[in-house]
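You will see two complexes here that share chain A, one where it goes with chain B and one where it goes with chain C.
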Partner chain A sequence: MRRRWTYALLFLAALAFSLREAQVDPRLLLEKQALSNLGKLLVAPQLSRQFLALMLRPALETVQISVAGILIAMAIGWPLGLWATASLRFSGILHERRTAAGRWLGGFLPYALARGLLSVFRSVPEFVWAFVFVRAVGLGPFPGVLAIGVGYGGILGKVYSEILETVDPKPLEALHAAGAGRLAIAAYGVLPQAWPNLVSYTLYRWECAIRASAILGFVGAGGLGQQLELSMRMFQFDEVLTILGILFLLVAVVDSISGRVRARVAA
Partner chain B sequence: MKLELDQARKVFDQVAALDGVSLSVEPGEQVALIGPSGAGKTTLFRLLNLTLRPTSGRVRLDGADAASLTDAQQQEARQRIGTIYQQHNLVGRLRVVHNVLAGNLGRWPAWKSLASLLWPDTDEALRALHQVLIADKLHERTDALSGGQQQRVAIARVLVQDPEVILADEPVSSVDPTLAAGIVALLTDISARAGKTLLVNLHSVDLALQHFPRVVGVRGGRIAFDLPPAQVGGELLSALYAGAQAA
Partner chain C sequence: MRRRALFIGLLALAVWSFAGIGADLPALFGSEGRHQMAEYVRQLWPPDLARDTLRDALGGALETFAISFVGTLLAVAIAVPLAVLTTLGAPVRAPARLFANALRTIPELVWALIFVFVVGLGPFPGVLALGLHTGGVLGKLFGEVLHDVDRGPLEALQSAGAPRPAVLLYGVLPQAAPQCVSLALYRWEVNIRAAAIMGFVGAGGLGQRIYIAISLFLEHRLLTLVLAIYLMVTLVDALSARLRQRLV
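Showing the complex of A and B:
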């Protein structure tokens, strides 16, 4: 009881401190100047056929970047996620009888390595990854693909490992007791149990990748983002609105596709 | 395979689930273990099937101390010991055919295990399911089956594994009494025909006394008695279950 009060007080103190230090002041939003500035952004979207035709390729490119990026992210996140799952590497019912050497060298070491790598991948924002890859391979969509692949690979791997960690261990114990090896236990016991969550989280990340590719364009990594940056820099807010509208449509389409896939997988 | 426990102790969080158990089971023997829940019967099985390591004491398989086996040798030994779990421990989202064929995983190389998920040998699975009388469930999802049917799938998996030893942990706790006698008879029959060792944890004292030539009473992590059924009398049984809630 005492402890709960302590936590509540700590939370309130942290909240007050954060609000002050982050200079949170809602009144600023309601000042006349702010409102009139916001009003300038409210213009009719640019819907000329010429502009829309011009946006077709970047929109397609954005989808292509997100798909290629998420595929690379899965290729990175999947093996690292398996490695980073403690219950598959060194702790819990599958490892009670392993020799100390096997448990540490074959279990904990790869686990720690994978965790560390995943942390590095995801602690660098994908914006910075894009910046790095543009320097490495030049302007265009490819650095965007790489940025999403590496950044999201780190996130997918971490979340995959958390999903894999929560499966029911009882069927795994049975497979293990029948002499199954680690790969077979993963394929027969872990994956089927985790499948709906893995699929649904990956699809969600795909949706995020579409939005991210818009940001990545700002550093020259292709797609709608590059157009967005151009229009914003030239204060063409009608064009900005159109591009945001296209992004909204893309995300809605992805959402409906992933909703359908999820419904099939969850059954 | 000869199974031996020698003064085996297993401690979880400072509580001894097993407190110095010595037990020896010859190849082909049929043994029933009875005793109140929490007596340590399940822990005893998990020591024997090389899932847990005893805190102290020895587990011996064919005279060899399990502690001296490498990880690979232990995996090979596990393949020769089949376990049927109280809660079946099947993978619910997999179809029955894959749960049954999972009995092969200790033998199969990795590529074969993966290939079987796409192209399963349905004939092999069917043969096992025929023996437990649910061949018609081959392609159903396992979690769509009733508790009794799932128990049969678990038995079919052990049939495919074809081990030298079968450990069955409360195999009939999820089925009604008439089915229970049938499942116990099925297990003793399989064991007798193929000369497989059979150890069964049983809730039902009657089933234990009727079907097994050797009955071991377990209480408080120790062996209370180890006798032929004719010598297991009312006094021994009431001492075994004294203080336990009526089940």
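Showing the complex of A and C:
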């Protein structure tokens, strides 16, 4: 009971501090200027054929960024995820099959390294990665792809390792008892159990990637985001509405494709 | 057979995507690309640890924390009534869902741009942006939680003559609350990252300082600020994971 009070007090203190620090002032929303600015946002979407034709390429580019980005994320996340999986590295049946030196070199060391890398990759927001990559490789969709690749690689790697860790150990032990080697145990014991979850989470992340890729354009990394930023800066809110509409459609299409693939994998 | 068609389709999508983005992977990993990357890393290192940079980073981190915290609470305040509305009859449910979808579809950063335009620069538009976007996300998720509660206790309350609000309070809430709090905590982890970039459009926090550092080519300072994001995010992740564990 006393603990509960402590928590409540901590929460209230954090809230009071945050309200002040974030300069929360709802009255600002009701000021005349704010209301008149709000009024300017209420416009009909820009639907001229010319504008829509102009948006076609950035829209496709957004899809391309998301697909290429998620593929790079898989290429980063899969090996690191394997390394970061405790049950493959330094505990459980696969670990017991190692020598003492192998346990340290092939077990704990890569585990700690992979965990650290994944944590850095996913804790720095994609947006910041994009900024760094724009500096490193120049403007265009490519830095956006790399940003999604690295940021989502960190997330995928962590989730992959969580999925791999929760597989049922019994089939692995059975394989071991039957004389299977490390690779065979991983291939026939771990993978079949984890496969549906791995695919389904990767597809979910693809859906997130398309949203993210639309934002990355803000820092000059191509796609719809670049157009969005441009229209926003020019206060062309009719164009902003149209672009958001296109984004909504893209997300819906990707959702339905990935939903279909997921249903097939699960079956 | 259909599996193969699916596979070929996905492969074609991948090829088309890599062709479209003009990615020059060989160039990136070739000697020149590697050289350029190494050069950039050399520019970043070491982090700037001067007194006023650290103070700036700390101030930015606290502001980012505040934005994410209040933003997530605002989101919960928006999401709860929305979720309750989605449990009602079709004429209320449909518009409530549509509203949640609209909030959700507009990315945080776009909301932030809109609110910077409406109320001016500072962390407050960042709070509003997180609140509305996450409000839509949580509204949908809370709605699903409410939808999945066990009907038994509700029917028991109803047959005992409890009015609708009492059924919600004593039947639905105890079942749904832990899951909803856990979802809110998870979104807080997402929001601390989002709050860290709000500043790029003028909505306060570490992002604003990063934007300045990048614009002025202060690479060492940039590294310090990115490290501050990393620490902040790791801290919030750990805190939220602990709170969640305590809940379930």
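Here is the rule we use: the second predicted complex is superposed on the first by the 221 of 267 C-alpha atoms of A that agree within 3 Å, B and C clash if a C-alpha of one lies under 4 Å from a C-alpha of the other, contacts with A are read in each partner's own complex, and residues count from 1 in each chain.
Here is the rule we go by: contacts are C-beta pairs under 8 Å (C-beta built on N, C-alpha and C of every residue); 3 or more make two chains touch, one makes a residue touch a chain.
All of these numbers come straight from a predicted model, not from anything done at the bench.
**Student:** First (chain B), second (chain C), both or neither: which does A:V199 touch?
**Tutor:** A:V199: touches no partner chain.
**Student:** Should A:Y188 be classified as contacting the first partner (chain B), the second (chain C), both, or neither?
**Tutor:** First partner only.
**Student:** Touching A:A86 in the superposition: chain B (first), chain C (second), both, neither?
**Tutor:** neither
**Student:** Which partner chains sit in contact with A:L109 here, chain B, chain C, both or neither? Use first/second/both/neither.
**Tutor:** neither
**Student:** Touching A:V120 in the superposition: chain B (first), chain C (second), both, neither?
**Tutor:** Touch partner of A:V120: chain C, not chain B.
**Student:** In the overlay, answer first, second, both or neither for which of chain B and chain C A:D25 touches.
**Tutor:** second
**Student:** Could you say whether A:L230 touches chain B, chain C, both of them, or neither, answering first, second, both or neither?
**Tutor:** neither
**Student:** After the superposition on A, what does A:L15 contact: first (chain B), second (chain C), both or neither?
**Tutor:** Only chain C; A:L15 stays clear of chain B.
**Student:** Looking at chain A, does chain B or chain C touch a larger number of its residues?
**Tutor:** C
**Student:** Can you check the complex and tell me which residues of chain C touch chain A?
**Tutor:** Answer in residue numbers: 2-3, 6, 10, 13-14, 16-18, 20-24, 28, 33, 36-37, 40, 62-63, 65-67, 69-70, 73, 105-107, 109-110, 113-114, 117-120, 122-124, 126-128, 193-194, 196-197, 200-201, 204, 210, 214, 226, 229-230, 233-234, 237.
**Student:** Name, in rising order, each residue of chain A that touches chain B in their complex.
**Tutor:** Checking each residue of chain A against chain B gives 93, 96-99, 102, 170-171, 173-181, 183-185, 187-189, 192-193, 195.
**Student:** Help me check something: in the complex, which residues belonging to chain B touch chain A?
**Tutor:** 49-53, 66, 70-71, 74-83, 85, 87, 89-94, 98, 102-103, 105-108, 110, 113-114, 117, 154, 157, 161
**Student:** What does chain A use to touch chain C in their complex?
**Tutor:** 14-15, 17-25, 28-29, 31, 34, 37-38, 41, 60-61, 63-68, 71, 119-120, 123-125, 127-128, 131-132, 135-137, 140-142, 144-145, 211, 214-215, 218-219, 222, 228, 232, 235, 240, 244, 247-248, 251, 261, 264
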